[in-house]
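Sharing a structure below in structure tokens format, with a few things to ask.
Chain nomenclature is as follows: A, B, C and D, assigned in order of appearance, with residue numbering initiated at 1 for each chain independently.
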Amino acid sequence: MGDATGVGVEAPDATPDREAQTTETARLEAFSDGVFAVAITLLALDLGVPAAKAVASAHGPAGAVGLAAALLHNWPHYLAFALSFLTILIMWVNHHSIFRFIRRCDHSFLLLNGLLLMVITTVPFGTSLIAEYLQSEHGAADRRVAMVVYSAIYLAMAVVYNVMWSYASRGGRLLDVGAKPHLVQSVTRQFRFGPALYLTVLVLAFISPEASLALNILLALFYALPSTITRALSA
Amino acid sequence: MGDATGVGVEAPDATPDREAQTTETARLEAFSDGVFAVAITLLALDLGVPAAKAVASAHGPAGAVGLAAALLHNWPHYLAFALSFLTILIMWVNHHSIFRFIRRCDHSFLLLNGLLLMVITTVPFGTSLIAEYLQSEHGAADRRVAMVVYSAIYLAMAVVYNVMWSYASRGGRLLDVGAKPHLVQSVTRQFRFGPALYLTVLVLAFISPEASLALNILLALFYALPSTITRALSA
Amino acid sequence: MGDATGVGVEAPDATPDREAQTTETARLEAFSDGVFAVAITLLALDLGVPAAKAVASAHGPAGAVGLAAALLHNWPHYLAFALSFLTILIMWVNHHSIFRFIRRCDHSFLLLNGLLLMVITTVPFGTSLIAEYLQSEHGAADRRVAMVVYSAIYLAMAVVYNVMWSYASRGGRLLDVGAKPHLVQSVTRQFRFGPALYLTVLVLAFISPEASLALNILLALFYALPSTITRALSA
Amino acid sequence: MGDATGVGVEAPDATPDREAQTTETARLEAFSDGVFAVAITLLALDLGVPAAKAVASAHGPAGAVGLAAALLHNWPHYLAFALSFLTILIMWVNHHSIFRFIRRCDHSFLLLNGLLLMVITTVPFGTSLIAEYLQSEHGAADRRVAMVVYSAIYLAMAVVYNVMWSYASRGGRLLDVGAKPHLVQSVTRQFRFGPALYLTVLVLAFISPEASLALNILLALFYALPSTITRALSA
């Protein structure tokens, strides 16, 4: 049943040339881009305008700094927004990075890609969670729970992404026949450590939410840095 | 009046070649992809961060597990999210599956496609409904109503999808002239049972909301499974 | 200043061939499609899950029909959703309809298109407004105000759309050089009555909100109907 | 590490011809268009339907003009919406304006573009902020804070946009080899004053929020005006 629903499985005009293959993944990429774009923009919904009531109560007897104080009190929202935005952006770059090599897709790959998108769409949820619970009025236990959930989402992202790439690249299953082996291997090498690193972030979240967050930020910056710097660092 | 508004009805340069025809449906697919992408991403808005108040009240005298308990209490939201995400994903795969054969479109087909998109955009509403009312504090009667509405949306999806495909494929009306009959028939066969199956899900919802949900999940998994397995199962 | 910002004004490689011109409007169409897709999907956010509290209070002494009653009480939301969805869909069809003839764009046209998109994005607001105020617990005066605002949005849509088409088609300013005059004129004829019809809807809203809504629905159905029927009706 | 993730850095088939280069930026543009489209549409979410309660309290003893008064009271929301919509629209036009010249992209440029998108997605937040705090019931201090934040977002937009263009155009780094120098320089000239102008808007916000808003509106209108007028004005 699933087979006939598969994009790219037996087209009416089964032209095996490169152009047809590009079309095959083009739709998948366009749909994925849409989900990435919506998810990354929804992050900003959580920045939230302080309610007039909260601002009023933040006014001291002097009544001078109501909105400013309320906005500053929301700092975890800005931090969480920036970290999540950067991470989704990196995931989008990575997504396109592997689609430079991928020319075909099958039903299993569509589902793996769907699973990745499902995880991506939960990032705004995790972001709201830590933004709310990093604020000082919440207890340490709740802060830990929030950070564990957030880190688990990131670990899931890293794992699904690696599974996708393994599936596509093993034996060149879905790759462009002209893809150069050393470039394919460099992608494999590059993402190999993602799951282990985000597992560390997750374990840290149980011990120290603050340390977990710090490592998460460092990873995002490291992945975002231009290669000339990261190459020197990892040499 | 409607005619001149129709995409694909009498272009200024009425080139009947394949390229022009691809352009004709390309815009329809791009717009549909946009709606699918937004709808599937909006599902995650319903995951919802537990309000600080709810968490506080979940704190027992020991005050230890506030957020964790509040998150676990929200389990129907995660289940509903996963089921709806998988279903919209399958619908998107199906949508592209039939557009591999379709090369033309007319005004009626545009409206049918619009009707399908309308149903798709109501899935997040239905999802919120069952996520809220599956929770234990609501009565059995409300749970039944929620599940009936949710199942009705799915039935509408299956019906409109079949009508769309019938309209496009009858006599090859909108199909690629080179579309192979046995492939077209395999698509017809494949979706033929959708309406009956989702009607069963709907009827079950009146009797047992839990059984209806279980069957709905089974159907989504069955449609998502790779064809090699489903073929063996349906053989 | 505006000039150099203009898409399509003096490209680095000013190739006047058709391919370059298609690219010129392709981006504008893709962006517009994105706005249409997001706006049409956001309509469904207003369907709204009845709050548990509202449902509880809807339970009579017998406590039997809480959620069902609350959902039925929301009927104006479903009506407003369907009408607005159909109207945005028709506007999208119309938008693509004129872009079959348009091959160039200039700064003024970009702004006119932006103005159209601005009006489109306010449709969900107008929809929420009438959905809320059509409900029986609101007074007749508020119902009238809601319907006037909603109708004004529709009138603005019809006017901006006509101005766009006039600007593009006058003297063939932005049209494909090969566009057949009789087809261009048929588009002009077809939309000429839109502003007058929606002005009638607006005036009616002051007198009878219900009659205004009814005429609005009739117009949407008339524009949506296949041309064979509408042609007979307007003959 | 960053390098291999870069879109456009060492493709499997490293064809240096124009077609491949166009594909390189096409994905970046499509993703950016998605973010622009979602952000500009989300602006309308802030128009907000007056809550029934607010309307009821707006009813005077005569009870005549509840909803109308509540809607009129929201005028800062409409003003903020229109200004932000026009500004995002201009930014989108500018974005495409520079991508007519850009044919390659590297990791740093991807990040700069991501930074621009991040700022764009915060515009709805800033818009909600001034819409809420321009209303008369808030104090002058809060009005100032809101306008400072809003202006800072606009300044960030102007700065990041200029950095992006400098990075891409310096030495023709990412430009089409055939891009005409005088056209490239005209773009450079055109945006050079943006940061200084928006810095003025920001400084004004500390002194007089109203004057800052007025200048901001003037700038948006000036950038939106067709070039024939702006050219005469700046001559």
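Heads up, the rule we're going with is that a contact is a pair of C-beta atoms (placed from the backbone, for glycine too) under 8 Å apart; a residue touches a chain by one contact, two chains touch by 3 or more.
In this text the structure is predicted, and so the values were computed from the model without any measurement.
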(request) Find the chain most remote from chain D, comparing centres computed as mean CA coordinates. (result) B
(message) Do chain A and chain B, two copies of one chain sequence, contact each other through the same residue numbers, with over half in common, or through different ones?
(response) different
(request) Could you work out how far chain C has to rotate to sit on chain D, using CA atoms and steps of 5 degrees? (result) 90
(message) Rounded to a whole Å, what is the gap between the Cα centroids of chain A and chain B?
(response) 24
(request) Could you put a whole-Å number on the gap between the CA centroids of chain A and chain C? (result) 34
(request) Spell out, as numbers or ranges, the residues of chain D touching 2 or more other chains. (result) 30, 34, 37-38, 42
(request) Please give the residue numbers of chain D that touch chain C in the complex, ascending. (result) 29-30, 33-34, 36-38, 40-45, 47-49, 52, 55, 63-68, 71, 82, 85-86, 89-90, 92-94, 96-97, 100-101, 175-176, 178-180, 183-184, 186-187, 190, 222-231, 234
(message) Under the definition above, what is the set of chain B residues touching chain C in their complex?
(response) 1-7, 9-13, 27, 30-31, 34-35, 37-39, 42, 107-108, 110-111, 114, 117-118, 121-122, 124-125, 128-129, 132-133, 137-139, 141-142, 145-146, 149
